[in-house]
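Pasting the structures in now, so scroll down.
First chain A sits with chain B, and in the next complex the same chain sits with chain C.
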Partner chain A sequence: MNRSVRTSGFIWILPALVVSVGLIYYCIGYTGFISTLKWDGVSPNQLSVGFANYVQVFADPVFWQSITHTVAFFLVSFAGQVFLGLLFALLLHSRVRGAAVYKVIVFLPVVLAPATMAPVFRQIYAPDGQFNGVLKGVGLGFLQQPWLGQTSTSLPVIISIAIWGGTGVAFILYFAAMSQIENEILEAARIDGAGNIRTVVSIIWPGLRGTTVAIAILTAISSLKTFDIPWLVSQGGPSYSTEFLGTMIYREGVPLNAVGYAAALSVMLLILAVTIAIVLRLGGRERGAVNV
Partner chain B sequence: MSFRSRRHSRPLALATALAITAAALAGCSSTSSSTASGSATSGTVRWWGWTPDQNVATNLITAFNKKYPKIHVTFKKVPDQTFGAALRPALASNVGPDVYNLLVGGSGASATIFGSKSVDLTPAMTKLRGSNWKTGLYPAGITDFTVDGRLVAAQVGKVAAGFLWINKDLFDKYNLTPPKTMSEWVSVCKTFRSHGLGCFKEGVDAAGFEVDTLHSIADSIQPGWWTKVIAGKAKWTDSTGVKMWQVWKQLDTNGILDPGALGIQQYPDANNAFLAGKAPMVQMGTWYRQYTSKPNLAAALSAAGVPSDTKQITMVPIPFPDVAGSGNTPGLFGDPDYALAVNKKSKNIAAATTFALWVSSTKEGQQVIANNLDEDPVLESVGADVSKLPLVDVAVQTPYLNTLAKQGGNVTQPRLANISPLLDESIKNAASTVLGGQASPAQAAATLQSSAK
Partner chain C sequence: MFETRRRPARILLQVVITLLVIPFVFPLVAMVQGSLAGTGWNNYFVVLQIAELPLFFRNSAIIAVSVIAIVYLCTMLAAFGFSKLRIRAKEFYFWLLLAALTLPEVVLLAPLFATATTLGIYDTYLSVILPLAALQIPFTILLARNFMDGIPNELIDAARVDGATTWKAFRYIVLPLTSPIAAALVVLTLIGTWNDYLLPLVFLQDPSQQTVTQVPDFFIGAFNNDQTKILAAAVVTAIPEIVAYLLLQRLFERGLSAGALK
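The block that comes next holds the complex of A and B.
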């Protein structure tokens, strides 16, 4: 490629470069700068504290609680979404009447804004809400409890909402990936005597490994960024039992006006997100699952 | 020739770039002047606040426009929990509100932080009310909204808390009298629950309303201790502090507090349940008095999505019970509520100042505030005439409201003014851990004392 071609190419990518560098990387750099300050985000007085905010992050028990919740959230929501997404994809790949309607029903939660659904879930899981009503209705009244008002049940409630909202994506990805599996392979398996379960375990599931890795990456990153559901449904409580990095950043940055500390948490979040994405990507490659 | 022109074009390009940069920077900073701009009697004023309710703001603006018809005021209500998040970038930009609410203490748009972005209203106040402008205004509201010698906002009203609101219809229906002690409260709640109702609904979630309940409990144990401990003149680990957490826990174990308080939000959950007639008791302050008025209650029910044909409740204020059994009936404690700040970057500073000062410091504006019932006026010469208000039940509610007005005049303790966001968060955590069983009252007191240090 000669110089003129390279120059003209540079011009073509310039707008995207300006936007990405200007908006994204500048913001990241600025956040990094703020993370070295003790600042309320409004006052003209900014006190430089070096890496003190990062030291405070590592000493903060709520930070470690948030990390623990994020890991639990990722593991359970990933497993739930994969299981349900795969199940629905398998069912709808068989000849089901009204499959199009079912697809819409399964995917619908993905397009519903969490802000819209949060009050609904607050009502469903309220002490006098529908979930307790159903439990009582089916003779399980002894299980009724204030689901969002207990540290022992609030996180599972948040995870259940995330699974409800995210299964549609897993379903669509699996459904599309299953369409790529050659019919001849499936027919050969049948001829060799493989039943439904055997076909799923030995033929379909291995063929979906790349998709599963993609879902893992998406779920991991969304777990790290989780904010809307825990904040709108339980505000990170009670007693930080549904605190995630996102809610912690908001709590520190807005109500507590510790913008410098919140920026340090944001940088930690970025580092974790990039690290996990790289690890999962490399893990997927090692298994030969790059064709996502 | 071409070589020469290229040599000359480089400095020219550099100069042009510098000029453009300078112009851009000048453009960015041109609106940061804090000098009064625009006309004081005409223009557009955009007002942001978490309070008052939309219909109350409309009343206020309508009355204002009778005197200043050429100032067009729009009110944008932002939920209190997100107000600070919305305000911070808005004030950093050049298109933020002209007038915005500020408060003292607690978590939110506090005067000490967001006041740095507002105009010093002292000269305008002096011009309006003379050199003795402070005379006749609520002194705490002047002190609390003066930061570094600047009057960063003009107080609009004052509020008090430290009592309960009850649904009188439900109490009458089950022949119950307002509880005065813990045992009476327990008995009342047993009756309500036996009829499938809740009892005392409170959200111990994020907004910090449990602070009012804790303050009342502390006052029933030892009046004034709460104010001392907030000021650092007593310890959370004192016997009063530990007992306060014990009583707090008893509200739950004795069946007074509705289940799931840790997952309930005061707004909208407790508020909507009470106004819709589903919860017999809540702890709210004098701002809740506005819903004794039929139109205000109708507007609140409509905003809460309650069917319009729902029967309006007869709500009345009662003293907080002597839950400690020490013979002390807790009194009221209060603060200036919100104040109006004028954005330094506003293009209509003069008109915005006219509006802020008319609401806060003129008889006409303060009379509207008084008549709206959600705030007590800060101008001493103004008061609400309850007899002219469209109460839900005039005969029942009037005596209670008159008593409340008398008590409101005897407030000696601040409510949130001296509580920093961090202390507010620590108190909330202690309240959650005691209620949730993760900490004993003594442990919570010790943790709080440690945080307060």
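The block that comes next holds the complex of A and C.
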């Protein structure tokens, strides 16, 4: 490598830095500035209010609710996707007919746009929708209720939709990871008298640790980003029961025109996202298993 | 992984997995069934006759292709730079990119809106293309750099000894080796862009500029909440994605799971 090559390396990363780092950091700086304003986003009157928006954020019960919803969303959708993804991967690694068809069915929701499927889920969980219809059909008619219309069931419904859409990824990752587990080890365990359950618990599950961590990371990121499903299916409601930071920022910033307040909320979300990124980066380096 | 020696056990597995996938097909069945309720196939005729419908697809295609082109170009050049070239404070720049890895797009709304209006690109493709590319690039660079780190430096050194410039070493030696990661990158970016809802929602107001994810909203307005037509529209917008996935199964599965590539 000669000198000229050494000094010209920067040119190679410049386009990416301009498009990505340039735009993103410019926006972050600008968001920080807007978060100190009382502003509707269009009028030339920008009233500087200092940290008033942040004071309002911390005092806003809806903000704390959406944090709670995000945590619940993460925990439940992570558990659901891991359980179902693992189960599908195990079953499809066993001798099952038509494995290709099952695989397509489980992965297809990953490909479909949440925005496209949202009207379908609104219809399914409507008071006269198919879900109540099925309940009635199997003799559980007494369980029929307006799933999206009441605060007690709306969040679980939103989470169930997320699990529907995310299990495919967990399944594919587990499926691939299981192919790496050596057959000799499984054979040896069986010869020693281990049954199916015992093999899964003591050999397969520990061998998949790296994959499970990766799924946790992916789910954490998507929990913070959640917007499409809660917004399109339940508009964050009823009475904020499915409000997430994404829907809250959108609601405050666009329909309610409280752009300064939305910017302060964005900064809070940003701090959460970067904290998670740093934790993952450090954690990932230590373990060396996952590199996200 | 479950060992089944006897027939009943094998049948049991088959039954279990069939029961388990029912909730996964159910929404798709409900979608098709709902779209055929009321006036039956006529719902589809009505939906397909909407003059704007092809435009939604065209707009999504234009945006997706542009984002993919920008992301591919920036990613490949930068990944090569980060992986194989000497750059002062390289890890600092890399860290700047990685810090944006988990950034939700909603965080950028307010400044993007203000900037797009000032620059006069509000309601143009560009106001969606640029932020989508910007948010995609940190992740694709991470993937591509990890991949290129696996390409031995000796290959490039050998090319240099033979008199090749850095550009030639990149173009004729590294780039042809990167096709697996390039495929993952294209699929990941395609689905991320095609399925994106928030940015088109905020930045594209004119129906002739909107993307396929706006179709349900458009039809809710156009059909006064006629559920059957909305579902017919959902089927019509889902079909290209289903077909693309069925044709390129492996690519989609690898690409969309790339988030956990080691």
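Throughout what follows, the second predicted complex is superposed on the first by the 270 of 292 C-alpha atoms of A that agree within 3 Å, B and C clash if a C-alpha of one lies under 4 Å from a C-alpha of the other, contacts with A are read in each partner's own complex, and residues count from 1 in each chain.
As a working rule, a residue touches a chain if its C-beta (ideal position, glycine included) is under 8 Å from a C-beta of that chain, and two chains touch if they have at least 3 such contacts.
These numbers were taken from a predicted model, which means no experiment stands behind them.
After superposition on chain A, the partners chain B and chain C collide with one another. By the touch criterion defined above, A:Pro127 reaches chain B but does not reach chain C.
Counting the residues of chain A that each partner touches, chain B and chain C differ, and the larger count belongs to C.
In the superposed model, A:Ile159 makes contact with neither chain B nor chain C. When the shared chain is aligned, chain B comes close enough to touch A:Pro146, but chain C does not. In the superposition on chain A, contact of A:Val106 is made with chain C only, not with chain B.
Contact with neither chain B nor chain C is seen for A:Val57 once the two complexes are overlaid on the shared chain. When the shared chain is aligned, chain B comes close enough to touch A:Asn257, but chain C does not. Of the two partner chains placed around the shared chain by superposition, chain B and chain C are both touched by A:Val42. When the two structures are aligned on the shared chain, A:Leu208 is found in touch with neither chain B nor chain C. Stretch 225-233 of chain C is the one among 99-107, 135-143 or 225-233 that clashes with chain B after the shared chain A is superposed.
Once both structures are placed on chain A, chain A residues 41-42, 250, 254 are touched by chain B and, in the other complex, by chain C. The residues of chain B lying in touch with chain A in their complex are 81-82, 84-85, 88, 91-92, 107-108, 110, 113-114, 116-117, 198, 204-206, 258-265, 269, 421-422, 425, 429, 432-433, 435-436, 438. Contact residues on chain A toward chain B in their complex (touch as defined above): 40-44, 122, 125-128, 146-151, 154, 234-240, 250-251, 254-257.
Residues 1, 5-6, 8-13, 15-17, 19-28, 30-31, 34, 41-42, 84, 87-97, 102, 104-121, 123-124, 130, 164, 167-169, 172-173, 176, 178, 186, 190, 196, 199-200, 204, 210-211, 214-215, 217-218, 220-221, 224-225, 227-228, 232, 245-246, 249-250, 253-254, 259, 262-263, 266, 269-270, 273-274, 276-278, 280-281, 289-292 of chain A are the ones that touch chain C when the two sit in their complex. On chain C, the positions that touch chain A within their shared complex are 1-4, 10, 13-14, 16-17, 20-21, 23-28, 30-31, 33-34, 70, 73-75, 77-78, 80-82, 85-88, 90, 93, 96-115, 117, 130-131, 133-135, 137-138, 141-142, 146, 160, 166, 191, 194-195, 197-198, 202, 212-216, 220, 227, 230-231, 234, 237-238, 241-242, 244-246, 249, 252-253, 256-257, 259-262.
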